[in-house]
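Pasting the structures in now, so scroll down.
The same subunit A turns up in both complexes below, where it pairs with subunit B and then with subunit C.
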Partner chain A sequence: MAEERRFRSASGAPIALRRRQHSASCRELAVRGPRLQLRSLSAATSAVWLAAYGLFALSENSMVLSAAIFITLIGLIVYLHFVKIDQESLLVIGSLGIQVTSSYASGKESTTFIEMGQVKDVVINEAIHMQKVIYYLCILLQDPEDPQGVSEVVPLFQSSKPRLDCLIEVYKSCQEILEQRKTAPQSS
Partner chain B sequence: NSPAPLPERAIYGFALFLGSWFGFILYLIWAYVPETWLFSLGLTYWPQKYWAVALPVYLLVAVGIGYILLFGINMMSTAPLNSTHTITDNYAKKQQHKKFQEEAIPALRDIPISEVNRMFFLPEK
Partner chain C sequence: MVLKVFFPSCCSSADSGILIGRWISEQNSAVILAVVHFPFIPVQVKQYLGEVQRVTKVSVSVLGSWSNSKQEKEESLSEFLEDLGTIFCHEPWIQISKEGDSKFWSCSTLQKHSKNPQEEEIILVYYDQRKVMLSHLHPPSDTAGQRAEDASKLSAIFDTVARSQVLFMTDRYDEGPIKLTHWQSDGVEASIIVELMKQASVPACMLLTFLLSLLSGICRSRVLKFWPLSFLWSKLSTCEQLGHRLQHLQVISSNKKAQNQNQLMRKANIFVSLLIDVALGILLMSWLYRKNLIGHLADTLIPVADHVAEELQDLLQWLMGAPAGLKMNRALDQVLGRFFLYHIHLWISYIHLLSPFIEMILWYVGLSACLGLTVALCILSDIIALLTFHIYCFYVYGARLYCLKIYGLSSLWRLFRGKKWNVLRQRVDSCSYDLDQLFIGTLLFTILLFLLPTTALYYLVFTLLRLLVVIVQGLIHLLVDLIDSLPLYSLILRLCRSYRLAAGVKFRVLEQQDGKPLRLLMQINPLSYGAVVQTYRLPTYSCYPKDSWASLCKKLFLGELIYPWKHKGEKQN
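== the complex of A and B ==
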């Protein structure tokens, strides 16, 4: 079963959360950010080309125009492939682990898998980020020596930055699956 | 260590007052009195008058940069989102757990973030 709800990111952009339950102990939560807008792309391209035309008018060197076109193309490709994240998803499989996937606008997907033995908890933490205090979801990794300690913090949904209402939904879904670990410790 | 007035503090204050007036008058003489007059008095080894203008400018620019530098240092020393310093610190790790007594206010301690999250975000049924 899948359901999709609309929320807002920390900066006010509209995002959508999609929850899918694959089985009793497996859930997928995907946050989709807004697509690349045509108007912002046109605005950036026009600004670069106007600046290049201004430079050309000053310097009478036609290489400036070709360089501007080249820079625009390369910049767009680099932005779509390395910067613009369309969808971030979290796949929680009860006895196996947690998989975090980021899908870029060019189609590239980057995946990280954390096995359940390393996961201590999934919590909503608040921290200072760029002159603001934001809530963000993070996975706490277990410290092998100290059972109470946290060895590492893995922040999730870094580029879409959902607000607290969306994070609470994701948190509740994750906790339902993580609680099953404690009630059914059959594997060592 | 109270900030109340004391006789020694009055003396220090007056000495500083006299010293700062002396320094100011000396600075004005250095900046405004022509070099030839100073040479005729025998004061030939004073620094160039260029510095009478340059040093205040250096000072003001340093104050302006200090504002920006402090802002930047603050930003750099903020813990990143993936650091454990946002969750705990040395004092919290080493805290001792006091025993729970009935009918008494619980002792002050650092509550782990998992417990805080459960209390805030999971509704108790």
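== the complex of A and C ==
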């Protein structure tokens, strides 16, 4: 079953959280950010081309115009493929692990899978980001030598930066599944 | 606890039979490797599994039953399959059944000796057997020396499939008591080209080893070890590069099979790197010789050297006058200027002496570009070094003079203040000087101090020129380094067969149906390009900056000679 709710990100942009429960121990939580707006795209392109025309008028060299077109195309491709993240999702499979996926605007998906044995806990942390204090959700990884220690902190939803209300929903969903591994009999 | 069943996607359409694989009890997961079809004799199956276990050291056993009924469920078949559970007693006995063409299978377990008889959840994970078998998992953390129990759960699965290769050797066309279905059951594939190359590589390697041993014998002979020659060999970067490539050839042509993945990749990387290097070198050579560029190069070399010498002479004349408005000490200026001018004159005479032979020398030297692009670049760097040898000499003269002056000044400054450097204690101590010592010392100090700007200016100018040459040589060596150390085979593998280099796995949730087990698809997450380059970089004899910026500046200020690039002496394994 799937349900979708709207929230706001830390900078005020509208985001949507979609929750799907695939089975008793498997849940998928996806945060979708705002899509690329035609307005900002046209504004950026017009600015670059106006500057190119200005340079062309000054220097009378037509290479400036072709260079501007080239730069716009390459810049757009690089932006869509490496920078603009459309959706970040978290797939929690009890007893297997947690999978974090970021999907870019060009369709590229970058995935990381963390095994359940390495996951110590999922917590909400505070951080000072520029002039704000924001909340973020992170996975604490177990230190193999020290059972009480934390070896690494993996922050989640870094580009959509949801606010605390959205994070609490995600946190509750994750904890329900993580608790199941404590109630299950310990494996050797 | 949740039971995880890893099912190979190639067995989805197999006929009914029993499942064999490995049961990993710590993770409560079953890795299914193949399906054994009816009819079979249980004793023979157990014998076969025992043999497989002995060869592969993987504890393969019968895990459960698989029924693929094209029509409705047959009651008798399901009872028969349950009875099989008593023959091959395995705890828990997994029963998977598929009806018709339905995507959703029903999966159940039979536990006879269970302590807590509850319904446990089952997760069905499909995996591509061939890709998982061929792939090599790269652990993300740096703790490579972990204990075996801490090894990741996934690596156990990859390991199981990779080591069970002997199980996949029989296909359904073989006559035998056991009929299996796995990824190769439709026929074992092989490539003729690969087989031919494997056959041809053995004599080729032996020939190459023989030639290389001859070559290294010649190189190590006593004739080449006499002092002027050995000094020359150590200074020329071409010889180092050739030695490096020789070592690479030795690695490739050795008869020992590669022990593990890393060694195999290293051999393959060296081979591809050598091949591309030689190909680019031959391309360069054909381009140079076709358009007779060597002739043009030789024709322009002498005028260029003349031009450089003229520029240097102009520079010295400028220094001997009033450079940048500074007032130099006339006498010292003239002495230093004339000294350096005479050197330039000598250098030009030598170049002109050599000029009729330049074209021939260049022609023969250019032939060695067929040994590789890296060798050609090293030769270029050496030619630059030889042509700017006079700049190097001037730099050394200027630096020594300046260094002497600075040391003299610092020691006399101490005398001026009544102190002395204690060599025994390595510190500055106070000392009482006689009056005439003080008098002469102060006089000398004043002389040296007022001559300092002149010497400092010459030193500055020649150091800048030397640094320019060093930077150009450094850039060429950086390029050579890049070509040497880039793991091209690994990058091409990552591009074309990305499942071979795995950073991890990723799961995709397939369509679900209520009441049926959770279905996931396990795919291989390939390594990123940056991680590929970092893991499989070839070690080089490369040049690293020896000093940090601070110590470099200190050396420049004190006038010590700088050799900014450090070469690793012997190759470290």
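Structural remarks
We adopt the following convention: the second predicted complex is superposed on the first by the 187 of 188 C-alpha atoms of A that agree within 3 Å, B and C clash if a C-alpha of one lies under 4 Å from a C-alpha of the other, contacts with A are read in each partner's own complex, and residues count from 1 in each chain.
Following the convention adopted for this analysis, a contact is a pair of C-beta atoms (placed from the backbone, for glycine too) under 8 Å apart; a residue touches a chain by one contact, two chains touch by 3 or more.
Keep in mind that what you see is a predicted model, and the values were worked out from it rather than measured.
Three-chain overlay on subunit A, with subunit B and subunit C fitting side by side and no clash.
Look at A:Pro155: by the touch rule set out above, it reaches subunit B but stays clear of subunit C.
Contacts of A:Thr112 after superposition: subunit C is touched, whereas subunit B is not reached.
Applying the stated contact rule after C-alpha superposition, one finds that A:Glu88 touches neither subunit B nor subunit C.
Between the Cα centres of subunit B and subunit C, as seen from that of subunit A, there is an angle of 80°, stated in steps of 10. Residue contacts after overlaying the shared chain place A:Asp121 against subunit B, while subunit C stays out of touching range. Look at A:Cys26: by the touch rule set out above, it reaches subunit C but stays clear of subunit B. The minimum CA-CA separation between subunit B and subunit C in the overlaid arrangement is 15 Å, rounded to the whole angstrom. No residue of subunit A touches both subunit B in one complex and subunit C in the other.
Across the complex, subunit C is touched by residues 22-26, 28, 91, 93-96, 99, 101, 111-113, 115, 117-118, 144, 184-185, 187-188 of subunit A. Remark: subunit A residues 120-121, 123-125, 127-129, 136, 138, 140, 148-155, 158, 168, 171-172, 175 touch subunit B in the complex. Against subunit A, the residues of subunit B that register as touching in their complex are 78-79, 81-84, 86-88, 93, 112-114, 117-118, 121-122.
Subunit C makes touch with subunit A in their complex at residues 1-2, 4, 26-28, 121, 123, 125, 143, 146, 150, 152-154, 504-507, 509, 512, 517-518, 520, 525.
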